[in-house]
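Should a chain be cited, it is by its letter among A, B, C, D and E, assigned in written order, with residues numbered from 1 in that chain.
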């Protein structure tokens, strides 16, 4: 049925191999970029066919495991290279290949003239391959392969400008933090495998099998441990508290990378993973609560930092962290479909935003370069008034911003509102729900604020670079603009496939297609939830729902209003504000000093410990003991040596002494 | 060909004889001859691989009397099973690479150098194929000599200290093993055995107290070789000082002697004790993993860093072996091969830059990627393999080890050990970043040449293996599986009996030869009295 | 005849005195004489035992010991002369080029 | 009477032995040693071994001691000139003392084998000591006797090699 | 009064001794007529004589003949040791010539003296009467005193001879006293009679006289084999004596001491094994440890080998402690191996030494390895063998020695032994460090390697390796020999 699904990851792999091995010889950028983009296009095509095929099946049959070959078997452990086709993975491959393809196209323009152009496309294709493995893998191990693979590509792409120290550092940080997550992932996988096998004799790591046997699992207890481990993995990959700090730094990479990896696809892998293993997470209310709380906290926390950043990409980065927080809030509330939905819409608008910012930076960089200025092309304080210079970019950017701000009618509204509602109404966390909702709503307001702050600072007002440079600012080439337009369009309309029930009812019973589509994946969990909900399924009135929706929209509008007031109407206020609360501003501007905290708590002690173990323990104690024994022996040698005095009477004395002792011992013993 | 193994093992000796007749000034001839000899040895070992049947028996067995005097009878008894097969192949595979690696680096005393390498190869192969404990010990010790010279003569600044440390350390361990070996033999003769054949000793059931002591002696000796914390300090010195080929061989093969010793001797011979000391070994392994990683992190010398990473990797191997289950031991075995390939490759890489810059200090480098893209790529792949990225060989081994260990009793150790994957990423990537990334600001580095054809040629097979073993490890696993299952059976059956009251199974102080476990598992369950359970010593090979 | 033990005791005393001499004297010749004293003590033991046992083996042994003593005296004194030729001393304090 | 005689001889023997180790002048030591040898010869006579006594006097007191005295004279050594190391003497004496204790203890505690041999005092007197010794030496101990010839040859050769002025 | 009739005796058991004695005497006579430049010929003749004697010994293998009224015996045990002595003598003769010529003391008497020493040692090994053993020992010792002081122009040689003499004579006193007490306790000097007597005792070790006699004899032999604390003469004498004689002394007399001690203890005092094993346990530990630890700090290579020789005696004492066939055959095998490897090593030292400073320093070996590769390889083989590395004779020897101890249950003794052997590696390696890993401080002169030395090296290397790889060929003889004693 889905026999050719293995082609989906294969194409990017081929693209990677061709570009990676021969790219240096090819030299021609069009060809290289073409190969890269075409590979993804092929994948996209196959993905489309796959999803169409899937949709043609009745709901219950929308599931297929396609085995390619046996990877490793050992005793009761078996891992295949096999792919899982179900609605969830299909939506993911669509997002990945679709958005990925657009970004590839964009990159051809954006990366024009860069040294190592081929390298970039090779990595990008490798990333596509890994990401597709991640979403398609039908077992934990294969997912882990993709999981680590995307981490690697992220590392490579962040460190693309490897001659910059900051880039290298950022790449390493990303990888290591991801590794911390992977540590959790591995532990979770081990525990799950062992627990299922040992107790229920289900030795498997295959998702379908695990799902089938999930009913054997108890609620809480070990499952909580397992799921927390997995969630640790997710926090690393998806930049949640406490492992979020790598993502803003990851902006050292080229902008398309930020768009593709650090906004649209890779960072959502954690969300996907939780969705994939919903059967597990649903069985641990504690974990769900942890997820929800962390999601909400991250959403809020990252949003606060986002308000004070001046680097255009960093704002977006914190925004991504914050939006990922929303997704986790959804997952933690048991609203898996909502989380995935937000994942999708976020992929559209955030990709659009990043690409748009890339276009701006590209243009700025170009302009600054022309006048030999060393001003930062990414600093919003250097921008302003770009809307006239780059109208298309501005338009698409604005649409995406509106979408993310949650203005009704745009995709972000539908998904975000669904999440907030689920956070409020879910049956898991009891009174905590109100707090979660509140945090989400505040974060939504902050999101609106900082996003519009960004728009206003960048596109409105006076241009703050030298007039000479200003003349060199112009709209990007079509190869860059077209993806922007497509993504902006998706940001606007993408939400309509998942209209919340409330609104759907309002407009004549339009069903929530998306939720319906994902139902086969989450049905069992939802049934389970219905049975086991900790606080019973609360029935809230429609009015309440409306009220909440309205509130969140109002909060968003307030945010926009404040941004407008501060950055368009009276631009001096922010400075005054900063002057009034310097400590607060400094704290927010410096990301609440979390990086420094980590340095003090983890990194430096580790290094110090390492240094101590090396110089103190290894050299002094261990080697000291070894060499000490040798030295003691040697010095004994010295002592005994000097007993060999050279005098005959000493020698005869020693002999006589020997005789006396021997005789004495035997005679008087 | 029945004496294929002997041929493979002693081909290098033939090579030595050839080298003796080549004048010492014709260096390229010396190098070429050595290279050809090692390649031929590799080719000679391929039929072994191809002809190997996937079962648990020892194959290509040769068994002829050797020494017989007094209470002893030693035999030239060799053969391989799935466990040793891959190590033999690894050895023959690494050797040509090692020879090539110092093609230009060793300019002095080439003849002696090549002779040492070839002698070393014979020693290593011999140790892997010996089925006679005495023969094994001989080869085990013989290996030391050429390695000692390789480190001591062609090594770096501090070579003498390193060489002597290496030698005395290892020697101190192995002599204790010798005592244990002899003691074991007498235990065996008391039970009616007549020679040192390993297969007979497998069937020997020792009382737990004896096992404890013997195990400790064997384990100590092997632990030094592995090396396990805290007996590892010879390794960084030896590695740092050794010439590239020396480091490669040391890392790729010699260290495997220790772990191989555990698999082949310490665990199946003394299963009860092995189980009893599992917590200790696991603790040391875990400490080794974390400790070595932390220490590696702050190293200033690339080679030393890699050396410490070896300690950490072998900690994983040990952890896997002492999981006593299929995944763990398979993982451990795979990890041995992986470590051989990737750490060997890392040492080669360090050798490449050392040859160019004559320094190994991390701070002397930076930004090499720009100047040496091919090198950068290869280095990156090897680094990733070393930190166990999925898709590379390192992952398969590490994963299996952790999985196996997690399934066994040493679960909690595994949890800590797993954090080693974080640390390994930290120190390797940090090193990689400092060496390869950043500004190319050191003028000495700005004229570096990228790898030449020879160097790429050396690395390619290793890179290929990294991926092959990472993507399709099944052929490797399949060949070793039966042997590992047998090993597990050997360790398990005894621990079952160990749970029974000892005096029921064994009359005090009278170890007996029990029936081979797989033949008569039921008998043991029923506590057959010792007298009845003493058929003549089973020797499957005499029967053939 | 006095009882055996008297003789043996005397020989033991002489033997010990010889030992003390070897240990305390510095002159090689005197040391050698002390050794002769020890040998003589042993000879006394032999003969006394021989007489007591009614077995002449011991006396024959003494005969050989005397021969040995003579041979040793010849060689030993020759060695001392040779040493003296080089060093002008036979004090064992001076016999310590070789040490440690 | 015999006991008294024995006591006197013993006294002389021990005193002269002490003189051997205490005289500063080697010649005096040598003379004291000769004295001891004579005492021993006396003992031998008392032990019905006249032949041994004769040899003792001739070989030991005569030949060997003459050789020693000759050497002392040749090397012109007079006094044990070097300073005394009192601690050496003390330590030496302690060890010697313990040797004495040990040996005496052995003799006190031990008992020799029962007299089994055929050679009683009367028999020796009857046949003649010399003949009996000869009988023994040329039958039972022929080989050792022959070996002594080699021993002496070696000693001669050795002495010549070591001490001859010019080889 | 009857004439004394000298009984008809069977000369077969002492044919080699007679042959060598006659040869030695003949050579002494011939020596007078050989001009001083051509004394080497006496050496060659002696060497041939040694080979002939070895043939004589060899033909007697397997026979068991007692002779001289039980004073001497020909058995495999004796023959085995005689072979060792002959080997040691042969090798020593081969390496003597070049050395003696260089040091200008090439007196023809050297070779007859070596032969006499061998006669003495043979008598020790073959003697079954305390008197024979004692006289054999004295023949050996007296010759050795002379040999140690042979280079009479050299003060060190004088000193070595004098020290050896004084201490040797002193130890003879104890040995004799022991023999006297044994005689007194048992009424006989025949080893077999003593054994019979001891066997009749219900508790032989409670017979204080017998016990003391045994202990004193042990101390006497301990001196000969250089066991601590009776070892202190060894380094000085070995250092001072002419190198070839050091080589000879380290192998031959030690073996002879072991031979005599083995025969006396295993035959006469077999019932008191518990007592002497205990003593040897301590002696072995002390000897090995003192020897090895002190050797660690030596720079003079001869002195280092002297201390190492003490340590090797200690290893043999391990086998002695065991006192079982494995251990004792181990001693025999080890002494043979030791003869090969140690004399081989000394041969190299002979070559490296220069006139007037024949005692090589370890530093003198700097750069030796690549200047003289063949010699260096030979030296490495000897050193590895001494260190007990396979596949050399030294390893097999140690293996059997320690096996004996383990078989007997002396695990800790074996452990101490092997640890010692591991420690010893350090100083053997040190020589190799200088040979291979240090640059020469001064230019090497061309070393003259005379044919005899080359031959001796060839024999030593072959012996060391062959005994290491196929030790059965000798071990089985050792096993046979020890069975019959």
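By our rule, a contact is a pair of C-beta atoms (placed from the backbone, for glycine too) under 8 Å apart; a residue touches a chain by one contact, two chains touch by 3 or more.
On a predicted model such as this, the values are computed, not experimentally measured, just so you know.
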Steps needed, at fewest, to go from chain C to chain E via touching chains: 1
Most centrally placed chain - per-chain CA mean versus overall CA mean: B
Chain at maximum distance from chain D, centres defined as averaged CA atoms: A
Chain pair, C-D or A-B, that carries the greater number of C-beta contacts: C-D
Remotest chain, chain E as reference, centres from CA atoms: A
Whole-Å gap between the CA centroids of chain A and chain E: 79
Interchain centroid distance [CA atoms averaged], chain B/chain D, Å: 69
Distance between the centres, which are taken as Cα means, of chain C and chain B, whole angstrom: 63
Between chain C and chain A, distance of the C-alpha-averaged centres to the nearest whole Å: 96
Residues within chain E bordering two or more other chains: 131, 134-135, 138, 142, 145-146, 149, 152, 161, 163, 166, 170, 177, 181, 184, 187, 208, 212, 235-236, 423, 426
Where chain B touches two or more other chains, by residue: 168
Overlap residues in chain D, where contacts from two or more other chains coincide: 88, 91-92, 95-96, 99, 102-103, 105-107, 109, 112-113, 115-117, 140-141, 144, 148, 151, 154-155, 158, 160-162
Pairs of chains found to touch, sorted by chain label: A-B, A-C, A-D, A-E, B-E, C-D, C-E, D-E
Touching residues (chain side chain E, partner chain D) in the complex: 1, 4-7, 9, 14, 21, 25, 28, 67-69, 71-72, 107, 109, 112-113, 116, 119-120, 123, 129, 131-132, 134-136, 138-139, 142-143, 145-146, 149-150, 152, 161, 177, 181, 184-187, 197, 207-210, 212
Complex contacts: residues of chain E adjacent to chain B: 325-326, 329, 369-370, 373, 384, 389-391, 395-396, 399-400, 402-403, 406-407, 411, 414-415, 418-419, 421-423, 425-426, 429-430, 432-433, 436-438, 470-472, 475-476, 478-479
List of chain A residues in touch with chain B within their complex: 24, 69-77, 141, 144-145, 147-149, 152, 155, 159, 162-165, 167-169, 171-172, 175-176, 179-180, 182-183, 186-187, 190-191, 193-194, 197-198, 606-607, 609-611, 613-614, 617-618, 622-623, 626, 630
Sites on chain B touched by chain A in the complex: 165, 168-169, 230, 232-234, 236, 291, 294-299, 325-327, 330-331, 367, 369-370, 373, 384, 389-391, 395-396, 399-400, 402-403, 406-407, 411, 414-415, 418-419, 421-422, 425-426, 429-430, 433, 436-440, 471-474, 477, 481
Residue ranges of chain B touching chain E (in the complex, touch as defined): 66-72, 109, 112, 137-138, 141-142, 144-145, 148-149, 152-153, 159-160, 163-164, 167-168, 171-172, 175-176, 178-179, 182-183, 185-186
